[in-house]
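Okay, so subunit A shows up in both of these, paired with subunit B first and subunit C after.
And now, the complex of A and B:
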């Protein structure tokens, strides 16, 4: 039972971290970034590069975020910007971008599976159970991430501008907010978050060019169910991630794999605006 | 839709002469394609023929994606699911039950039925009144993921992740398989071609362009989408069945989400909404992929990815329209313009004498959360009455119109239309009761011609054919008058997006009147019109009430216009009716003056 609870909490933390970048972009830009999985993969390979270069494994996290941010800025400028008025096309274009990133990674690093050194290994005693230390650390990191994102949105100039753009982009522009810049920064931030999440999860899973793909659809579903809010995403990750863990543990891992997708489709049918919006 | 088809001839005898279809052209092109496919195996090496068989079947699948996405605007990731269902039906029956002609027919039938059932379920889930287009995509995304997991869960029965292979099948020569696949693709393409060029095909485009307007024209949008998905599912299942029977191998990837996205890439590159583009795109890319998978797999996939992104960003309509443009430039006279239909009077329908009032509204209220937008609305509208709703901004005028045109809108209260309860139902139910609504901003179908827009508006009264288009367009007198008096008659084959603002407004009004409504809801029909246009519309509205005894509800800010044409005026203020009387009473009212001056009651919310 203790292990089950820990599994639920750590899975939720991982899902929250993985989905947050997608949510920031969807929230501010009303755009579904289907290259999200590819940015996770980029983060995974950034962590792999860190290992290869013999750097401290903790450096993988800021390094991945930096790589993601820079690539995100470039992508926004080149591909995303012309598609603001065509949201469904933006899904397709970013999907295509994901293919490009995947193929470039394959060409550079090869198809084979790689492994990344974990910053922390081993297990510790927690609530009377022996449990993976790194997974527990991830919970703390996800909590820090949630606080940092909240602070960014509510206590910074960028956050104020971003919230203004979310509520009423035309009005925000009329008030002199450079919404183009807000969008650019947001996409960079979303890509950085995705990439960072990719680096965070790689000690748990192996690295390969399709690393991000399985996470993409689940993140997408979680973000929509969350109703695009940080606490909403936390709760959605806990409920749907928890359901996934329970189904995987007691029924079958295969059914667990589709729990999030099916539950999300049903929830969104009943509450199209997501669980925690207005 | 079947029931409509049946009662159609009774209404208006359709003769061959008044219908135009591309049947001749399609037959010629189809025969030519069959001849090419017939001789192709003798000129190609075995490997290419092999690869082409697979590509031809996948092209048929891509075609269904084009019908759903390119024409109707449903971005689907899930067509691979139906392909997979057909393929697994074949593999499972041949592996576990038996092999032979009977078993093959059974397997094909099972595959089709299962695919149609899954499509109906997915469609029911995805398409309902008020669903966002994104939700439809979510369902189509979930579908292949769920099915792939089902295959994994099937263990020995489905072969789990390694799939099934080596089941008995017909070891016909490769040419025969090629001809079967080719004939199937040609048949599907030809039928799809006739379908999208028919009057029903225009309805699909109308749904893509403006689903809301469609719903308020009484078009059962959700049902059409579900039926289309079911048909697309059946076609996909047949293609999948053929694939499994030919290759003798099925794997979970056939049902997967990745194949679903690949289909989108082919359709986007070939040219969405062109049918031929996606077919060519699918064949070219799939065949090339097979050739390069050995030597340059990653670079080729990279190239396709780059091309895909470039096309989506810079050439959203894909490559086919560019090819067509080039062709028209090189071959003068290649441009064929379909002749606009001639307009004729619609048969006059007997209007049974009514005892009940057209509209009786009692105790209607509407709130958004704790915000009361309408409360205690009681009024009646009589036949032949032009009833104006006036009031300052935010008084609830448009909300009231919405409550009358969509049964789901109001929070409570009763609305009776000719004595029949409006109940809770989507806009098409309101249309069926005789209510027509014109929106505040001109709401037409941008890429349809004027004639096509009007034809779409006739959907409910004259169900469109799914194979041909009518050479005549029957319109009731009121709609005809608008079309003639506002110059639309001269631009019947102009696409609606090229019309001037005033003409767009007039077109939408004509579309609403083409519904032959008994109650017309007009939300600022004259906004942005010139004085001249406004007078003309005003004259038409007055004559509609006087001659045809329609009742018209008009939301209007222009009080001079209201004074000129209204027979009665209702003043709304802060969600309540504060005055209901003749023009004279309202104009002379101190209260109305105060409301508009912003001093009435508890302050009021801004002037007009």
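And now, the complex of A and C:
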């Protein structure tokens, strides 16, 4: 039972980290970034590159975030920004971008599965159970991430400007807020979060050019259920991630893989605005 | 009014929505410290003029200069950063943000927030006590006062005010008039008001102009003895 609880909490932490970048972009830009999975994959390969270069494995996290941020800025400027007035086209463009990124990664790194070095290995005794140290560290990192995102959105000028843009972009512009810059920074931040999450999960899984794809669907569902709020995403990750763990443990891993999508579809059928939106 | 000395100079401005031309070759200038009121019935192009000055609508013809600099093609955020405060008629506040956050958005430099809050708080004392309250829960009059306070937070050189008195009781209108005139006296702020409340406009403004079908139909000084009668004649037709 103790291991099950720890699995639920650590899975929720991983899901939160993976979905947060998608949520930030959707919340501020009203854009579903279908390249989110590709940015996760980029983060995975940034971690792989870190291993190959012989760097300290912890450096994979900031390195992936930096790579994601820079690429996010380029993508926003070159692909997303010209399509602001055509939101559907912008979504399709990110979908296409995801495919292109996957192909480029395949050309550069090959199709084969790669592995990265974990910053921490082994297990520790926790709540009377022997449990993966790295998974427990992920919980702490996800908590730090949640606090940092909350602080950014609610205690900084950028956060205030971003919330103003979300609520009424024209009014925000009339107050001197450069909403284009807010969107640029937000996309860069979302891409950085996705890449960082990719680097965080790679010690638990293998790295391949399609790494991000299954996470994209789950992230999308979690964000919709969250009602696009940070506490909402935490709770949605806990509930849906918890259900996934329970189904995987007691029924089958295949059914477990479908749990988040199915449960989210049911929740959204009953409450289309998500669990935590007014 | 000499266009070169004006803080705002609009010349031959034409704009509208889609195919519809709403503002037709309007020229108006506002000098530093001057208050000009644009009067007219609904749908005559007054608000469209302000939106075009702010850059929310593209100018099809004509020019807008602020402090002598051409801002005709500038986006709204860049216009606003020229020490311009714009208070739109509708959806003017962030309903789901707190009063404090709404006011913070009026003052881009956080270092000045407390000082400016103390200043506008003297005019509207209730704001200081309700910084944490959601702005959408304020009464209509309080929201308008907060709107003016937010505009004053950055000590603008020019305020563009769109029908601030609409739906307000006379006591609140008096309070707003007093606040705007006090700010003008203290900082030399200029104003371009769009109004339907003639009494308020003549009390506050130095000059007035009546906008009819997108054009300036008549204009004059507010202290002229026949100002109210001339305006009434235009508005009654």
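Everything below uses one rule, namely that the second predicted complex is superposed on the first by the 278 of 278 C-alpha atoms of A that agree within 3 Å, B and C clash if a C-alpha of one lies under 4 Å from a C-alpha of the other, contacts with A are read in each partner's own complex, and residues count from 1 in each chain.
What we mean here is this: a residue touches a chain if its C-beta (ideal position, glycine included) is under 8 Å from a C-beta of that chain, and two chains touch if they have at least 3 such contacts.
Everything quoted here is computed from the prediction, not taken from an experiment.
Enquirer: Determine, under the contact definition given at the top, whether A:167 touches first (subunit B), second (subunit C), both, or neither.
Expert: It touches subunit C, and subunit B stays clear.
Enquirer: Using the superposition on chain A described above, determine whether A:4 touches subunit B (first), subunit C (second), both, or neither.
Expert: Neither: A:4 stays clear of subunit B and subunit C.
Enquirer: Taking the superposition on A as described, I'd like to know which of subunit B and subunit C A:176 touches: first, second, both or neither.
Expert: In the superposed model, A:176 contacts subunit C only, not subunit B.
Enquirer: May I ask you to name which of subunit B and subunit C touches more residues of subunit A?
Expert: Answer, by number of touched residues of subunit A: B.
Enquirer: After the superposition on A, what does A:257 contact: first (subunit B), second (subunit C), both or neither?
Expert: Only subunit B; A:257 stays clear of subunit C.
Enquirer: Looking at A:152 after the superposition, I want to know if it touches subunit B, subunit C, both of them or none. Which is it: first, second, both, neither?
Expert: In the superposed model, A:152 contacts neither subunit B nor subunit C.
Enquirer: Of the two partner chains, subunit B (first) and subunit C (second), which one does A:99 touch, if any: first, second, both, or neither?
Expert: So A:99 only meets subunit B here.
Enquirer: Considering only the touch criterion stated at the top, classify A:243 as touching first (subunit B), second (subunit C), both, or neither.
Expert: neither
Enquirer: Do subunit B and subunit C touch any of the same residues on subunit A, and if so, which?
Expert: In the superposed arrangement, which is not itself an observed complex, subunit A uses no residue for both subunit B and subunit C.
Enquirer: Can you check the complex and tell me which residues of subunit A touch subunit B?
Expert: Where subunit A meets subunit B, its residues are 32, 79, 82-83, 86-89, 91-93, 95-97, 99-100, 103-104, 106-107, 217, 220-221, 224, 252, 254-255, 257-258, 261-262, 264-265, 268-269, 272, 278.
Enquirer: Would you tell me which residues of subunit C are touching subunit A in their complex?
Expert: My answer: residues 54, 56, 75-78, 80-81, 86, 88, 91-97, 101, 104-106, 108, 110, 150.
Enquirer: Using the touch rule from the top, collect the residues of subunit B that touch subunit A in their complex.
Expert: 75, 125, 130-135, 137-139, 141-142, 145-146, 149, 152-153, 257, 261, 264-265, 268, 298-299, 301-302, 304-306, 308-309, 312-314, 316, 369
Enquirer: Show me the residue ranges of subunit A that touch subunit C in the complex, using the header's touch definition.
Expert: 157, 160-161, 163-164, 167-168, 170-179
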